[in-house]
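Order of writing sets the chain letters: A, B, C and D. Residues in each chain are counted from 1.
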Amino acid sequence: MTLPPPESIHARQPNGQRWPVAILAATGAVGQAFIRTLKDHPWFEIAEVAASERSVGKTYMEAAKWMEGELSQDVGELVLTACDPAQVKSPIVFSALDADVATVTEAAFARAGRVVFSNAKSYRMEPDVPLVIPEVNGEHLALLAHQRKTRGWTGAIITNANCSTTVVAAALAPLHEKFGVNKVFVATMQAVSGAGYPGVPSLDILGNVVPYIGDEEPKIERELAKMLGKFENDAIVHAPMIVTAHTNRVAVENGHTAVLSIGFDRKPTVEEAIETLRNWKGYAPSLGLPTSPEHVVFVHDGADQPQPRRHAMMGRGMTTSIGRVRECKLLDLRMVAMSHNVIRGAAGGSVLNAEVLVSMGFLSETGVQ
Amino acid sequence: MTLPPPESIHARQPNGQRWPVAILAATGAVGQAFIRTLKDHPWFEIAEVAASERSVGKTYMEAAKWMEGELSQDVGELVLTACDPAQVKSPIVFSALDADVATVTEAAFARAGRVVFSNAKSYRMEPDVPLVIPEVNGEHLALLAHQRKTRGWTGAIITNANCSTTVVAAALAPLHEKFGVNKVFVATMQAVSGAGYPGVPSLDILGNVVPYIGDEEPKIERELAKMLGKFENDAIVHAPMIVTAHTNRVAVENGHTAVLSIGFDRKPTVEEAIETLRNWKGYAPSLGLPTSPEHVVFVHDGADQPQPRRHAMMGRGMTTSIGRVRECKLLDLRMVAMSHNVIRGAAGGSVLNAEVLVSMGFLSETGVQ
Amino acid sequence: MTLPPPESIHARQPNGQRWPVAILAATGAVGQAFIRTLKDHPWFEIAEVAASERSVGKTYMEAAKWMEGELSQDVGELVLTACDPAQVKSPIVFSALDADVATVTEAAFARAGRVVFSNAKSYRMEPDVPLVIPEVNGEHLALLAHQRKTRGWTGAIITNANCSTTVVAAALAPLHEKFGVNKVFVATMQAVSGAGYPGVPSLDILGNVVPYIGDEEPKIERELAKMLGKFENDAIVHAPMIVTAHTNRVAVENGHTAVLSIGFDRKPTVEEAIETLRNWKGYAPSLGLPTSPEHVVFVHDGADQPQPRRHAMMGRGMTTSIGRVRECKLLDLRMVAMSHNVIRGAAGGSVLNAEVLVSMGFLSETGVQ
Amino acid sequence: MTLPPPESIHARQPNGQRWPVAILAATGAVGQAFIRTLKDHPWFEIAEVAASERSVGKTYMEAAKWMEGELSQDVGELVLTACDPAQVKSPIVFSALDADVATVTEAAFARAGRVVFSNAKSYRMEPDVPLVIPEVNGEHLALLAHQRKTRGWTGAIITNANCSTTVVAAALAPLHEKFGVNKVFVATMQAVSGAGYPGVPSLDILGNVVPYIGDEEPKIERELAKMLGKFENDAIVHAPMIVTAHTNRVAVENGHTAVLSIGFDRKPTVEEAIETLRNWKGYAPSLGLPTSPEHVVFVHDGADQPQPRRHAMMGRGMTTSIGRVRECKLLDLRMVAMSHNVIRGAAGGSVLNAEVLVSMGFLSETGVQ
């Protein structure tokens, strides 16, 4: 797969219609975020919603217990089907499935020729599956050719990083590209929406901090090196960096904050780091798409910024906010990074992945329709 | 000053009465915590309360805007005086003054022969002023002899650490003593009560994290080395350690949480570290006093512990809770520490300092009465 | 059953030992509150803890997911049994069972000769079951003689009111006694602990109000009239009052607040109402017991009081706080009432009920041992 | 002033440009809400921002401590002037001034020929000043002719209701119009943003309810009758209703919730009430304007709705959400109402008022330019 010349971009189906898309696990927190993200999308139309057996046959409006904001009537009246490629026909599939179900179900969809955008951890670390934040490592999408060959799938699986890895990876990518990040301390303060619904009991989080999130620290430690790695010879060469993570749950609805101490191959000054972050664009084909933010990363000036409640919705939830870039006593630099865990870290990230692939003609090329 | 034999402890005045004590800045958050801590104290009796001009002449009950819990009638009816040694007669003075006022006022009290227990940063880093958590570095109280000589004071000033330094110092002390801590990465999640009242506006903290607390990071970085230092030849030799801090405010009422990555001169195993923490007692004369907790540090077993709402009140707010001791990818070990910022980190710490000095005969010896 | 003369009070077993007590559903939120309330109780000793099948065989410490504060080692090591009178031998049984299980299980215990203090709604409205806040309507305990006759039980069931009814009933009782309450508007703002654990998902309550609590409004409307009713001829004559309730869940951990507009048979002035509330003592045999608060109701002076975080723990959680007594435009008076929903409204209320019965010789009299 | 025929609507200035508008007290919470509300407004352009002396001369970006979301560069670079009609030239003035300053300053602007949209209580109850929610009582704007005559102003003052009155008035208006509301019991749960910034200290609201908001209950009780009154003979005849209010502050960022018991001249059934609410449109000239919501009131079906976090932003913050319409035991019906206090209850309400007047040709007619 090579990049098509811009004029050949086919953002819509050959017939000029929007692409029909399906959402798996549509009633959960990430599923609902897909519905909000895809509202009025110029290229994609929510054609199908699927959920667990318990909800099959209900309309979406009946089954979705919690809905933040307004639901369009069209989507509200869709009837939920099972998460089964025999019943879900859309070529593009956004999956909010949990890992325990995703392993089997997402593969079934890929085998059936669908392009699956996954938010589960099941396939993230597979060598032939791209783990992508488009601006950071969109080049890794080229792994799909290898994936199809290896797996014999007519469809494909593309994964999102874990939401806490996403904020760290987007914040480090510009600096890594230029100065070589080799050591990372990260401590996170993560929103409750990251645990889904019902998720975190209120008695656990009101007036409290829970200094532990199951399996979150290993995810950050392993996913980061893959995402910041290079695509070479049909494979990802992981970045050689040591990462140590401390993950915490705090009483925030949306927006994961990460404080970072960073060591570099070549230490930048604070000014160089800020300038690099400000000038960085990221992978060109990911820019200017419907879900692309104006600023992929945004460096705040305020001494007490970024903050989740104030800045999580920057760039409609797709901007990664950075602040407090300063010297570190132990490594080279310290800084704070924050982004919206449900949008940038899940649904919005998947949709942007889909936009990149569609704009590159991936769906037409592979005969997926 | 040498330690008296146990039988010579004079916890009360020579006349058998409780020591009269005064509280400066009595109506603020820390001032109120002194009142709660000293309620029914066997050795000390709140004889005087002082505050800023605005409150002078009012009864305590009238002036204290916020009071958590119940106020005894005796204290409620005390009339507030000015923070002036000409008007405040008690030999023992607990000061909750802010740094801008503390510099002049606390010195005036010390000059006037009072023993001042300070919570301000004004004198903490002065070479002749002890900065003390009794169990951690009670030996530093011996600096007072030097202080009096240098300053010509008949009284004295003893300081508490900043509340966020306190939780870190108490957690590291047992390990430092045995394995030599030389590197510390610390990220804090601090309670709003640390900022006093009115302090943090609710619009800044509901659903939010503020990744900055003014001057907090330098305080931790410099105070820690002094507190974990050694008393030698009438001076404190700071511990040779590199500390880098990230301080954050979260929506918690009480209890500062710190996540730590630690480097050692001699790396302990996780088991050795836990055993060391569990067996540690701390400076002997600080144990068994009225405000001493049963456990100075307590290592929790739960994977998601400690947590401020569940554990801040352990040991009536004086225990430092520790959990999640585990390997660190970058340094040697990671762990979580948490303690009550207003009790252990402020009022309770000062009262325990006073108890140590009183139990050692310091007040009688110096003629302070 | 008539009141024994004070000198005949047998607060302990005839052998001088504390009464062994059992807690059913001991690991839940109310169960844990029983454990905290009974810690160091002079008359009762936690001898047995029981829970659902899932937890049977585990120690209490293993099974209790959430524990606020410290657990004594003795209780932590108790092994959980099934909620079955064949396995639980204690004569006094504190039940935190949910209504669906309570109906059958509590009756089984009463039939087996145990005195059951229930927090479920199952038996509250039964004509022969007392629904008691001791200070408010301790006289209703006399219904137990009738209950035993009717049911043929050698034991008994005594119920607590719902936690939101409790705060309203305690606040109205003094006024009802003197001025005859006939109309009540009540709007509640209830703590999340009222829903148990895991209970309310954090995504439902952070930055939010949920203006609905299942079945809560009918409970208040029907239980209040029974509790404020009179015991006459072996039956409770419900108070003739019209009650309309609006119940809401807010982001508070502990403490239910109720705002009230009240109509009277004979309208008191604001001053008369306050004086009546201040002078009221309640049912004499309920006073001076181990769990009795110093103030059954306490009228606050502050214009913005009472508040759950500041006042829920007054009287170790057993005082009902009242404030803002003022004229009402529509009915006669308005006021605010607040009490601790888990202590006064559940576990502490049950324990006080038990203390009243024990102090009256009920257990000895009935041969329950 | 009579309504112009639709074709004569001059939503823009005669020269086709957008109307320049000024914001007084632009840096506070309501001032910032004006900036967000007016972003990309088709008729109005933020030309001037004014604030207290302390901020004069700074750019808006420098002076605004808290900004939720993104600030356009144009507005960020505006330099703050004093709140003085000699320095502020725009014909349309949105005032977020506090009452203590508003009394003098707003009159000065009106005298100087400006049309002032006020959020202060200063003029709300003046007989010649309209207190308007456009859809509810837009007819009251006709009072402006009388105001100008009485006061001799070339400009005018139009006021918004208090934010808690707004939610109640909008919810009751449809029912009052048809069934005659004569009694209202209302209990509110109000967001902290209603108190501005810094406003409510976090120690007062985390895990807490404050059952008192200064002067809030009288405001609701008196403003409601005026707003639901009739315009007759150049005056407002207040609606004859008895209102009793209980106002409370809760830990919610945005969105005031009110629970209501309502008495009617002619009692509707629950179904009639819901149908009336659903079919109501409100004052015709207020519909279809840039800030008008699709639904002025929206009746939710969910048993636990409306909720501030889920529904405050409906209709871009301009919809009043209603739910739980049901029988009342004491009066006729109960229900829950909720709207965004900063948008519908303040800035958005003022902007909609301005849109109505502009669309009716009021500015052109009166020579205000």
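In this section, contacts are C-beta pairs under 8 Å (C-beta built on N, C-alpha and C of every residue); 3 or more make two chains touch, one makes a residue touch a chain.
Just so we're clear, the structure is a prediction, and the values are computed from it rather than from any experiment.
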For subunit A and subunit B, chains touching each: C, D
Pair sharing more residue contacts (C-beta pairs) when B-D is set against B-C: B-D
Same-site or different-site touching of subunit C by its copy subunit D, using the half cut: same
Whole-Å gap between the CA centroids of subunit B and subunit C: 40
Whole-Å gap separating subunit C and subunit D, where each centre is the average of the chain's CA atoms: 44
Centre distance in Å when subunit B and subunit D are each reduced to the mean of their C-alpha atoms: 49
Residue list for subunit D, restricted to those that touch at least two other chains: 66, 204, 206-207, 251-253, 309-310
Partner subunit A, residues of subunit D touching it in the complex: 66-70, 206-207, 253, 309-311, 313-314
Partner subunit C, residues of subunit A touching it in the complex: 29, 66, 192-193, 197-207, 251-253
Contacting residues of subunit A [partner subunit B, same complex]: 183-185, 187, 189, 204, 206-212, 221, 242-244, 246, 248, 250-253, 257, 259, 261, 303-310, 323-324, 328-331, 334, 336, 338
